[in-house]
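Scroll down for the structure; my scribbles are underneath it.
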Amino acid sequence: MENLHPKKSLRDKLHEIIYEADTRGGKIFDVILLIAILTSILLVMLESISSFDDKYHTFLDISEWVITILFSIEYVLRVISIKKPFKYIFSFYGIIDLLSTIPKYLTFIIAGYHNLAAIRALRLLRVFRILKLTRYIGASNRLIVALKASKAKIAVFIFFIIIICVILGTVMYMIEGAENGFTSIPRSVYWAIVTLTTVGFGDIAPQTPLGQLIASVIMILGYGIIAIPTGIVSSEIAKSEKIHTNTQSCTNCLVEDHKDNAEYCYNCGRKII
Amino acid sequence: MENLHPKKSLRDKLHEIIYEADTRGGKIFDVILLIAILTSILLVMLESISSFDDKYHTFLDISEWVITILFSIEYVLRVISIKKPFKYIFSFYGIIDLLSTIPKYLTFIIAGYHNLAAIRALRLLRVFRILKLTRYIGASNRLIVALKASKAKIAVFIFFIIIICVILGTVMYMIEGAENGFTSIPRSVYWAIVTLTTVGFGDIAPQTPLGQLIASVIMILGYGIIAIPTGIVSSEIAKSEKIHTNTQSCTNCLVEDHKDNAEYCYNCGRKII
Amino acid sequence: MENLHPKKSLRDKLHEIIYEADTRGGKIFDVILLIAILTSILLVMLESISSFDDKYHTFLDISEWVITILFSIEYVLRVISIKKPFKYIFSFYGIIDLLSTIPKYLTFIIAGYHNLAAIRALRLLRVFRILKLTRYIGASNRLIVALKASKAKIAVFIFFIIIICVILGTVMYMIEGAENGFTSIPRSVYWAIVTLTTVGFGDIAPQTPLGQLIASVIMILGYGIIAIPTGIVSSEIAKSEKIHTNTQSCTNCLVEDHKDNAEYCYNCGRKII
Amino acid sequence: MENLHPKKSLRDKLHEIIYEADTRGGKIFDVILLIAILTSILLVMLESISSFDDKYHTFLDISEWVITILFSIEYVLRVISIKKPFKYIFSFYGIIDLLSTIPKYLTFIIAGYHNLAAIRALRLLRVFRILKLTRYIGASNRLIVALKASKAKIAVFIFFIIIICVILGTVMYMIEGAENGFTSIPRSVYWAIVTLTTVGFGDIAPQTPLGQLIASVIMILGYGIIAIPTGIVSSEIAKSEKIHTNTQSCTNCLVEDHKDNAEYCYNCGRKII
């Protein structure tokens, strides 16, 4: 829309590049931003590997500063280029942008910052920015529609799973007891979830014959009810794809259900108007 | 219906609140009951964590007494407000209500009650009460219809799984033997179930090459046949949703369940208006 | 058919009871046989638990003898009552019946029989007899039709899985090596199958960062391609259920796809002949 | 087509046998090649088992030489029989054929070759040759069509899984820390993938109550979202099978893809005979 204006101020141009994705400048900006975010996430991950951090500490530190300064500039440009800066600053993505840029600057202020892993991990919040970028690219709208439609059913299903796990976890706590690793009901419920979802870490495993029998029941149950969410989502996806078929009906014989590109009625042969 | 009566006795009012969910009072009662049940379950779980129980024993004890007295009052009110008290007392939920309220009172009678974890766990039976409450809320009727319709097929499937696990478990017991953890046939069958359902605890794992080959077959089998319950439930859900699409009923013969594009009743041939 | 005969020989009566399931006697015989088989399987399982066998050895021994004599009588009756005894004796179920009855008698002949677990396990072959009995009961024919129809696709899928596991197993053997438990290519392929099928025992687990990266790829792959057998079976079941709808077409307007119990055409209202 | 030529040179005959699969000679050649490849793969696998290699080293060595010479002859014949040899030599399968044949010859040149497992494993590349051979046999084209159609959706799904695992892995790294095995963010992300995909090795497992709570959320999430790829593939397979139901084509405008009960062409309106 702003393209129609004969002359654009610098702020308008910046706004177009930063906030919009339909111009060439905007697209290039988005791609650069995506690369910067992915690099930044990679750096945070590498930094957390102590053996890697010991070797390449200086390299990681400098890279982090480059990334931080780039994001700082981007933040300032976002604030400047928008008409209502506070709307951006206090928006979800505004807060994420700020929180993920600050940590590096805090190294000056807080001594012993090195141990404040929690603050440094804030930089990983940038991952949510990717989700915003993919909103432009994403073509999987039908999938999201199908998932939203089955939201209520999936909630009921998860609620049902948790109830089962509470009951079975308690039963296992009674049978196996603390000596076999089922030290408390919450821990037994955790084990029941591990088993029912077919994850099966094996850090806790039933030792008594009766416990193993009940575990077998839980496993077969879990193996069987995995069909439920699958069935729900499958039928929703199938439905969401049916919706987009032709809704025209023949004016002559009233038959519906025509193909999308139908020109003539498949039943009586009259032209579909 | 009872709302139409000009004057209601206290018992009628109580009955309306406790046993019905369509008045404002009844709904508030249900929500409070749900919160009380969830709190009670949480307390039982926290109590089972010995480190937590040691620290906050007094707090847990008092909270338990508060909850127990509340449920006792509720139980008495339920008995009083109903016309046929014995019908409630000997009903499934009546017995659950009683069994889950008694344990706390038994602490006076039984010495060394502290170890009677089984009796204390009875309080967790309240979890079933939640299922009753959700019956009002639940809108997942179609899902239950689909599951009921596929009940017979799922039973055949589970029977088939168990036969396979008995055969494969015995074969593994022959091959691996007691020295590799397959100490008995039931234990080997348990292992086969753990493997076929893709849980895989790892507490028992084949060590011989032949055992690992057969384990591979079991795993690929399990990975493949998970498709069977999923296929059954998917097709049932798809069917249950097709049935309910057209809600028109014939004005002549009252038959329902017409096709989506039906113009005439399939039963009597009259036009559907 | 044989019921129509005015007089039946003892052999005919026996044949009817033992080999047929549509008379009252035959059904009772089948139920008794099923119970005997299940008891027999349970006894073999219990016997394999050494602690149980030590305690109740005499009880198990006597029970086994009772079961064995019962099956011996049944075997003799089967041979006597049939017109062509050799056809039964050399049939699949004939051989199973013999092999599963003999082991107990061998205890007289072979000294140190106690250790010949392999021979004793032969008794478990009776499990296959259950499959024969369920053939009468089973109503899951559509499921079997659907599975048979997707047999070729599932074979291609399993072949594809094995190729992937051979390639990925070898790669992991290169990366992780013997020091991390990937002692040989077959063992690494076994690990790849354990991982791809989402079983995950954990007896072998990658230790190097690169190994864990490839393991992640295998896991996401396995998590994703489980959709393939499921999709195949789902669509086959859906198809097998569509087949049984009404195949009539209206003689007036030629529209098909009527409901199963349709009396009149849903499109033009004429009676369907 | 070349069959129509009255006389064929030896090169043409060889080309027909080696590169084509529709003549009898070509089919026999393909079957022999398949057996040779499978034998070769089996030999490489057996060789990697050190206990087996120690015992049967000479047998394995001779077998390898036989296989290698056979593949060398095949390679030379392939180069000779084709008109443009370089097109084959630098093609994907040409390079694979060369790389998988060379390793055995290198034993003369390189001392201590025995340890160069990486070079020896090159022989396993022949596995890809099987994929080429199955291209002739395979009848699962619809499955591949369905998978290609859902490629974009599956990519979005995998991207989504990785983002979730990065976020949840980092959270677990914060909560559990190095003392419970979550030594770095990449390792925690690896654990999150292991858990979400329901593999669950158990080499790393949460120890803190909060960690176990979040692990429970991840597991239920993973158990639920396995429905998404399944739903996608199921609906694609269902679609790909619907398309091919009516094979009639309009005699007037040659348009295909009519509805099952179509009487008239949806494109031009002519009656379909």
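Lettered A, B, C and D in written order, each chain numbered from 1.
Everything below uses one rule, namely that a contact is a pair of C-beta atoms (placed from the backbone, for glycine too) under 8 Å apart; a residue touches a chain by one contact, two chains touch by 3 or more.
Because the structure is predicted, anything quoted here is derived from the model rather than measured.
Student: Hey, what angle do you get rotating chain B onto chain D on C-alpha, to the nearest 5 degrees?
Tutor: 180
Student: Can we say the copies chain C and chain D touch using the same residue numbers, with more than half in common, or are the two sides different?
Tutor: Counting which numbers both chains contribute, under half are shared, so the two copies meet through different residues.
Student: Averaging over Cα atoms per chain, report the distance between chain B and chain D in Å.
Tutor: That pair's centroid distance is 42 Å.
Student: Which whole number of Å gives the spacing of the CA centres of chain B and chain C?
Tutor: Going by mean C-alpha positions, chain B sits 29 Å from chain C.
Student: Can you list the residues of chain C that touch 2 or more other chains?
Tutor: In chain C, 49, 157, 186-187, 189, 198-202, 209, 222, 226, 230-232, 234, 238, 254-255, 257, 267 touch at least two other chains.
Student: What topology does the chain touch graph have (line, ring, star, complete, other)?
Tutor: complete
Student: Can you check the complex and tell me which residues of chain B touch chain A?
Tutor: Of all residues in chain B, those touching chain A are 41, 44-46, 48-50, 117-118, 121, 124, 127, 130-131, 134, 138-140, 143, 146-147, 154, 157-158, 161-162, 186-187, 189-190, 193-194, 196-203, 222, 226, 229-234, 236-238, 241, 260-261, 263.
Student: Where on chain C is chain D touching in the complex?
Tutor: 152-153, 156-157, 159, 163, 166-167, 170, 173-174, 178, 183-187, 189, 195, 198-202, 205, 209, 212-213, 215-216, 219-220, 222-224, 226-228, 230-232, 234-235, 238-239, 249, 254-257
Student: Which stretch or stretches of chain A touch chain C in the complex?
Tutor: Its residues touching chain C are 49, 198-202, 209, 230, 234, 253-255, 267.
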